[in-house]
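A, B, C and D are the chain letters, set down in written order, and residue numbers restart from 1 in every chain.
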Amino acid sequence: MIIVMEENATEEQIVRVVDRLVNLGFDIHRSTGSRYTLLGAVGSRITDPRDLELLEGVNKVVRVSAPYKLASRAFNPEGAKIKVGDVIIGGEQVVVMAGPGVVESREQMETIAGRLAKHGVRVLRSGAFRSSDDPYGFQGLGEEGLKLLREVADRHRMLTHSTIFDIAQLSLFGRYVDIIQVSERDMRNYALLKELAKMGKPVILRRGTSSTIEETLMAADFVMRGGDHQVIVCERGIRTFETYTRHTLDLSAIPVIKKLSSLPIIVDPSRAMGRRDKVPPMARAAVAAGADGLLIEVHHDPDHALADGAQSLTLEQFDKLTDQLRIIASAVERTL
Amino acid sequence: MIIVMEENATEEQIVRVVDRLVNLGFDIHRSTGSRYTLLGAVGSRITDPRDLELLEGVNKVVRVSAPYKLASRAFNPEGAKIKVGDVIIGGEQVVVMAGPGVVESREQMETIAGRLAKHGVRVLRSGAFRSSDDPYGFQGLGEEGLKLLREVADRHRMLTHSTIFDIAQLSLFGRYVDIIQVSERDMRNYALLKELAKMGKPVILRRGTSSTIEETLMAADFVMRGGDHQVIVCERGIRTFETYTRHTLDLSAIPVIKKLSSLPIIVDPSRAMGRRDKVPPMARAAVAAGADGLLIEVHHDPDHALADGAQSLTLEQFDKLTDQLRIIASAVERTL
Amino acid sequence: MIIVMEENATEEQIVRVVDRLVNLGFDIHRSTGSRYTLLGAVGSRITDPRDLELLEGVNKVVRVSAPYKLASRAFNPEGAKIKVGDVIIGGEQVVVMAGPGVVESREQMETIAGRLAKHGVRVLRSGAFRSSDDPYGFQGLGEEGLKLLREVADRHRMLTHSTIFDIAQLSLFGRYVDIIQVSERDMRNYALLKELAKMGKPVILRRGTSSTIEETLMAADFVMRGGDHQVIVCERGIRTFETYTRHTLDLSAIPVIKKLSSLPIIVDPSRAMGRRDKVPPMARAAVAAGADGLLIEVHHDPDHALADGAQSLTLEQFDKLTDQLRIIASAVERTL
Amino acid sequence: MIIVMEENATEEQIVRVVDRLVNLGFDIHRSTGSRYTLLGAVGSRITDPRDLELLEGVNKVVRVSAPYKLASRAFNPEGAKIKVGDVIIGGEQVVVMAGPGVVESREQMETIAGRLAKHGVRVLRSGAFRSSDDPYGFQGLGEEGLKLLREVADRHRMLTHSTIFDIAQLSLFGRYVDIIQVSERDMRNYALLKELAKMGKPVILRRGTSSTIEETLMAADFVMRGGDHQVIVCERGIRTFETYTRHTLDLSAIPVIKKLSSLPIIVDPSRAMGRRDKVPPMARAAVAAGADGLLIEVHHDPDHALADGAQSLTLEQFDKLTDQLRIIASAVERTL
C-alpha cells in the first residue's frame, strides 16, 4: 500500500499516519519529496484503505499488490491447465460445453447428447435444479435429473457439467457432476465456495452481473486458498444502461483476465444474450477473442423446452456454429 | 400482454401466434388496425415474452400488468403500515435504525445504545454474522452477538434489527431479532426468502446493487406471496460507472417505489457511501425525498471498530444529524 | 505520478523506465523496497499513463495529483462565492433558478416570472434555442426569446439564465444572459468552452450523463484556465442500468464535489427526473444534501407547454415546494 | 402508440385521454377488454409519451413503431451497401480502415500507408484535428494534415477517412476526405449532422459512450432524413461500472443493429480498449460477430507517436492481425 500525503500535510499528521500503520503491523518506508511525502506500507494484514483515507493529511491510498494471489498470472506464469478426464481446459483446445437448459427426460437427453457427441462435444451441460425468478415455473428434476445427466453422458463418453445452488446439494454433485458451476448470484457466497473448495473438483465461477473483473478474481482466489486450484472463470454478461440485450457480454474481459490471471476463462453467450438468434455471433466472437471454452444451450425442440427455450440453439444451428468455430479456432492457433 | 405484429405480418403468421397463445392458456383479443394487428393476451400463466418475440411476424411483446401484485400500490392504495412493537414503519414517523456495524461486546453495545435511546432511536441495529469479502477479518460473535443485541435493546426498550445470511440462522433470528434484514446479495435467494416468509416477522429486503426497482418489487412480492406482508424495501446504492463513491445511492427510487408500491422504503446511507463524512448529507437527502426510515451505522470509537469503522458516525456526528433530520422531517410533514 | 514496478522487474527494465521518464522531462525519485521498486515522477508534462503501463516490468502507474488544479479545493480552501448582480452562488443562500423550459411568449413569461418573483426567485431561467432529439419539435424563438427573457427578468429585477448550444450564439448571450449554461452534451466541447471563458460571465457546466465527477472538474478547470473563474457545476443525472427514471440523479456528487473542489454545485431535478411528480422530492433532497442551488422548470399551464411540459411544475406545486425548501435550508444552516 | 389504461380507470378518464389524443391529431382505436381498456393511437405527430403517462387513469404508454424509419431494416430489407470509390461497405468484404491516430508528417504517412496498402487496406484513416481532453497536447496539423492524408492515400490508391469536429471544417472535409467520421461526442450534434447530410458523403456515426442502440439509430435516421443515406454506424465502447478497460466494447450491438437496421456497422477496438495489447482480440471478435468493417490505429513507431501511441498497433502486429482476420472472415462467409 502506498499512502500519498497531501502537499500541505504537517509532520504531526504524517507521524500519526505512520503510527497507525505500525500499530496495524506494517513496515513503513517513508520517502519525502519536494512536494509530498509517500509512505510505503508493507505487511500481510488486510486493511480497509478507507480507514486510512479518513486520517487527516492523507490525500489518497493506493493498493499496490493485487487483492488476489493464487489466481494471479504471476503465481502461475504458464497459465493453468485444468484436466478433467481426458479433457484439458486452458490448453490448446477450445472446450465446448453444450446441452439443454434443464434435464427434462431420458429421451430428450439422449437425442441431444447423441448429436453433440457426433460434433466432438466432450462436456454435457444441463440443469437439475433451478433458481429462477419465476418460482412457479419448472423447478428441475433434482437428483433424478443429475442421474440422467450422468447416465447419458457416460453412454456417450462425455463429462457432466451442472450448476449448484445450495450447500445441501454438495454430496449429490460430488456423485454425479464432473465440473461444478457456481451461479453468478453465488459468486460471493463464501459459505458455498468454502465447501466446494474442499471437494477438489473443477469449479466454474460465473462473474456476477455487477462484479468487476478484480472482484471475480478475488472470488477465484478464495476457492484456491480453500485448496482447490481447478477454477475456471466464466463471463456471462454484465448489467449496463443498454437494455436491448438482457446483459452486455463483456468480451474484453477475456484478454484482461488472460493477462492478470493464470485461470482459464470461458464464455456463456446463451444466457447473456437470452435469444437464440444472437447466440452464434457472440459464441464466435468469444473464441476469436481467445476464450478457452464456451457454454452453449442446445435443444432439439426449443419451442417446447421446459425452460430457456428462447435462448437454446436448435441442433441445426449448433451444427453450423460448430463448423464456424472450428475455423475461427484455427485462426488463433487453437482447435475445437 | 400485448403482442404487436409487424406491419407486414401475414395472416398465417398472425394465426400461428394466436394458436400458440391459446395453447398457453391465454384468452386472445384481436384488434386489426389499418397498419398493424394487436393481440391482447389475458391469462394467469407466466410466459417468457422472448418465446413470443422469436415467432415470425412479431414486432414486439409488451407486458401490461406489473410483474408483482401484492407489492403493488393498487393492491393496497393507502400504503402499508408495518407495526413492530409500538413502532410503525410507513407511518408518520421516519424510523431511524441505528447501531454499530457489528456487535463487539456488552460495553460497546451499552455505550452506543444508551446514547441512541436518548435521541429517541427505537430500533437498535447491529450484526452478529458477517459475509464479508475479507474472509480473514472479524466474522462476528454469532449467537452470543444476537443475545447481547437483544439484552441491550431490551434494557433500553428498543427493537432489534440484524442481517441474516443463511437459512441455518433462521431459528436464532426468530428468537432474538424483531426486524430481519436480507442482504442485497440475497435479494433473489428464493430458498431463504421462502423460509423467512413463513416466520411472519418484518423483513427488510435490500435492493441488489445491480437490481432494478421492478426486480426489487418482484422479490418483495415473492415474500408476500409466501404469507408475510410485512416487507420493507431498502435502497443502499447501485453500481454505476462513477467509482469515486463505492455505490451510487439512487434516491429517486424513493418517489418511484412510493408510486408503484404500497411498501415502506428505507435508505442505508452508511453502506452506500462507505465513508462517514458522506453519510449525513445522504441521510438528510433521503428523509427530504420521502424515505420512511434510515439505517445508520454509529460507533462510539470508530477508529477501533472491529468492522466498518470508516462508515460509522461518531456519537457526536449522530447527535448533530438527528437534529437536522428532525427539521427536515417536519418539512415533509413527518416526525422523527 | 508513481510507477510501481513488478516484483520481479529487472534492473534493466527499471533503468529503461527511468530513462523514458527523464526524456519526458520528469524528475525521478527512486525508492527500492524489499519487494518492489517505486519510481516517483515529478514534472509538469501531462503524460498518458498508458504509455508507461505498456513498458516491460511496470505493474501499475498511479496518478498522485488531481488532474485539475484551479477547480480543486486546495486552490481555494474557503470555497468560491460567485457574485452575479446581488446574488451570490456558493454563499449562505440556496439559489433557486426557475422558469419555463422555453420562452413561448411575453404573456407566458410575465405570468410565470411574476409568480416566481413573489417567492423570492432571483434568477429567471428559460430557453431560446433548443437542441432536441426531436428535430421537428418547437425549436425556440432564438434572439427574440432571449430578448423577452431579458425584458421580463428586468421588469421583475431578476437575473437571466439560459443554455447556449453553439459558438455562433456567443454574442447574443453576451448581450442578454447573465448566467450562461453549457449543456451536458457540450461539457467537453473545448472550442465552445474556450470562447466562453473569454467572456468572463458566470458559467454553469452541466455534468455529462456518462462523465465522472473527476472529468467534470477537469472541464471546469479548463474554463478557469481560460480566465473565467466563475464556474458552477450542475448535477443533472447519469446513465445507469435503472430505466424507470430517465436518468439517475447522483446526489452523492454534492458532498464529493464539495470536498474535492471549491466550486458551487447546483442540481437540476426537472431534467433528471423527466416527470413533474418526481421533481419535488429530488429538489428537496438536493438542498438537504448541501446543493448551492437548484434549476427548476415551472410553467403556468404545463399541459400546453411547447416543450418539456411533463417535467414542469405547476405554479401551485412550485409554491408548495418553496415552502418546504425554506425549512430544509434552515436545517443545513442556509437560507432560500 | 398504445395507451394502456389502469384496471380501475373510469370512463371519464378514458374519454379525457381520447380527447387529448384526438387534439394531438391521432386516430384512436379503442379496445375494451374485461380487465382494462387499450387505446391504439395512430398518427404522425411525435408526442412525448410522458405527457400522456401523467394523465389520470393511464397505466403505461407503449411506443409501437421504432423511433427511426429510414435507418430501419424494414425500410431496406436487403441491407445498405455503401459504395465509396470501388470499396463497398456493407457488402461481402470486411473493410479495414487503418492508419495512425494523427497525421504527423509525410514520412510517417508514407511509411505506414505503404505497409497497409500491401496488406490490401483500402481506406487510410488519420486525424488532422483533435478534440482531446488534454488541451495542451498536440492539436493536429489541420488542413496541412488533411492534404498529406489525401496525397499519400492517392499515391497508394486508397480512400481517406478522418474525423470532423466542427461545422467550420466542412468545406475542408469536402475537399480532402472520402469518408467523414463524426465523433461519439457529436452523435447528437444536430447542427453538424444537418450540414453533413447536405454534403452527401459517406458518414460514420460513432455511438456515444452513454447512448443506447436505439438512440444511435435515431441519430442515423436524422442524417438520412437530411438526404444522405450513406450512413455507417460505429461501435466504440460504452461506459459501464468496469473500469479496468477504458470502455466496454459492446459487440452484441453488432447482431442487434444488423437485425433492427439496414445500416453497415463497423467497430473501433483501438479507442475502446486504449492499449495495443488488447486491440487484436477485440478486432478478431468484431469480425467473428459480423462487423462490416474495422477502424484500427497503426503506427510504425508507437513509442514516439504524437498521440494515441498506447493504442496503436505496430506494423508487425497489424500484419499478424490481418492474417488472422482473413481466416475469421472466411468462417462467416466474408472476405477481408
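Quick note on the criterion: contacts are C-beta pairs under 8 Å (C-beta built on N, C-alpha and C of every residue); 3 or more make two chains touch, one makes a residue touch a chain.
On a predicted model such as this, the values are computed, not experimentally measured, just so you know.
Enquirer: Weigh B-C against A-B on C-beta contact pairs and write down the one with more.
Expert: Result of the comparison of B-C and A-B: B-C.
Enquirer: Farthest from chain A in C-alpha centre terms, which chain would that be?
Expert: C
Enquirer: Once you find the CA centre of chain A and the CA centre of chain B, what distance in Å lies between them?
Expert: The computed centroid separation for chain A versus chain B comes out at 28 Å.
Enquirer: Distance-wise, how many Å sit between the C-alpha centres of chain B and chain D, to the nearest whole number?
Expert: Result: the chain centres lie 39 Å from each other.
Enquirer: Which whole number of Å gives the spacing of the CA centres of chain B and chain C?
Expert: 31
Enquirer: Counting only residues that touch at least 2 other chains, which ones in chain C make the list?
Expert: Those would be 210, 238-241, 243, 277.
Enquirer: Note which residues of chain A are touching chain C in the complex, please.
Expert: Chain A reaches chain C through residues 2, 4, 6-8, 29, 31, 33-36, 38, 40, 42, 59-60, 62, 64, 74, 239-241, 243.
Enquirer: In the complex of these two chains, what residues of chain A are touching chain B?
Expert: My answer: residues 46, 48, 50-51, 53-54, 131, 133-137, 165-166, 185, 188-191, 194, 208-210, 215, 218, 222, 239, 274-277, 303, 309-311.
Enquirer: Quick one: which bits of chain C touch chain B in the complex? Just the residue numbers, please.
Expert: Counting only chain C, the residues touching chain B are 210, 212-214, 238, 240-245, 248-256, 259, 272-273, 277-278, 281-282, 284-290, 324-325, 327-328, 330-332.
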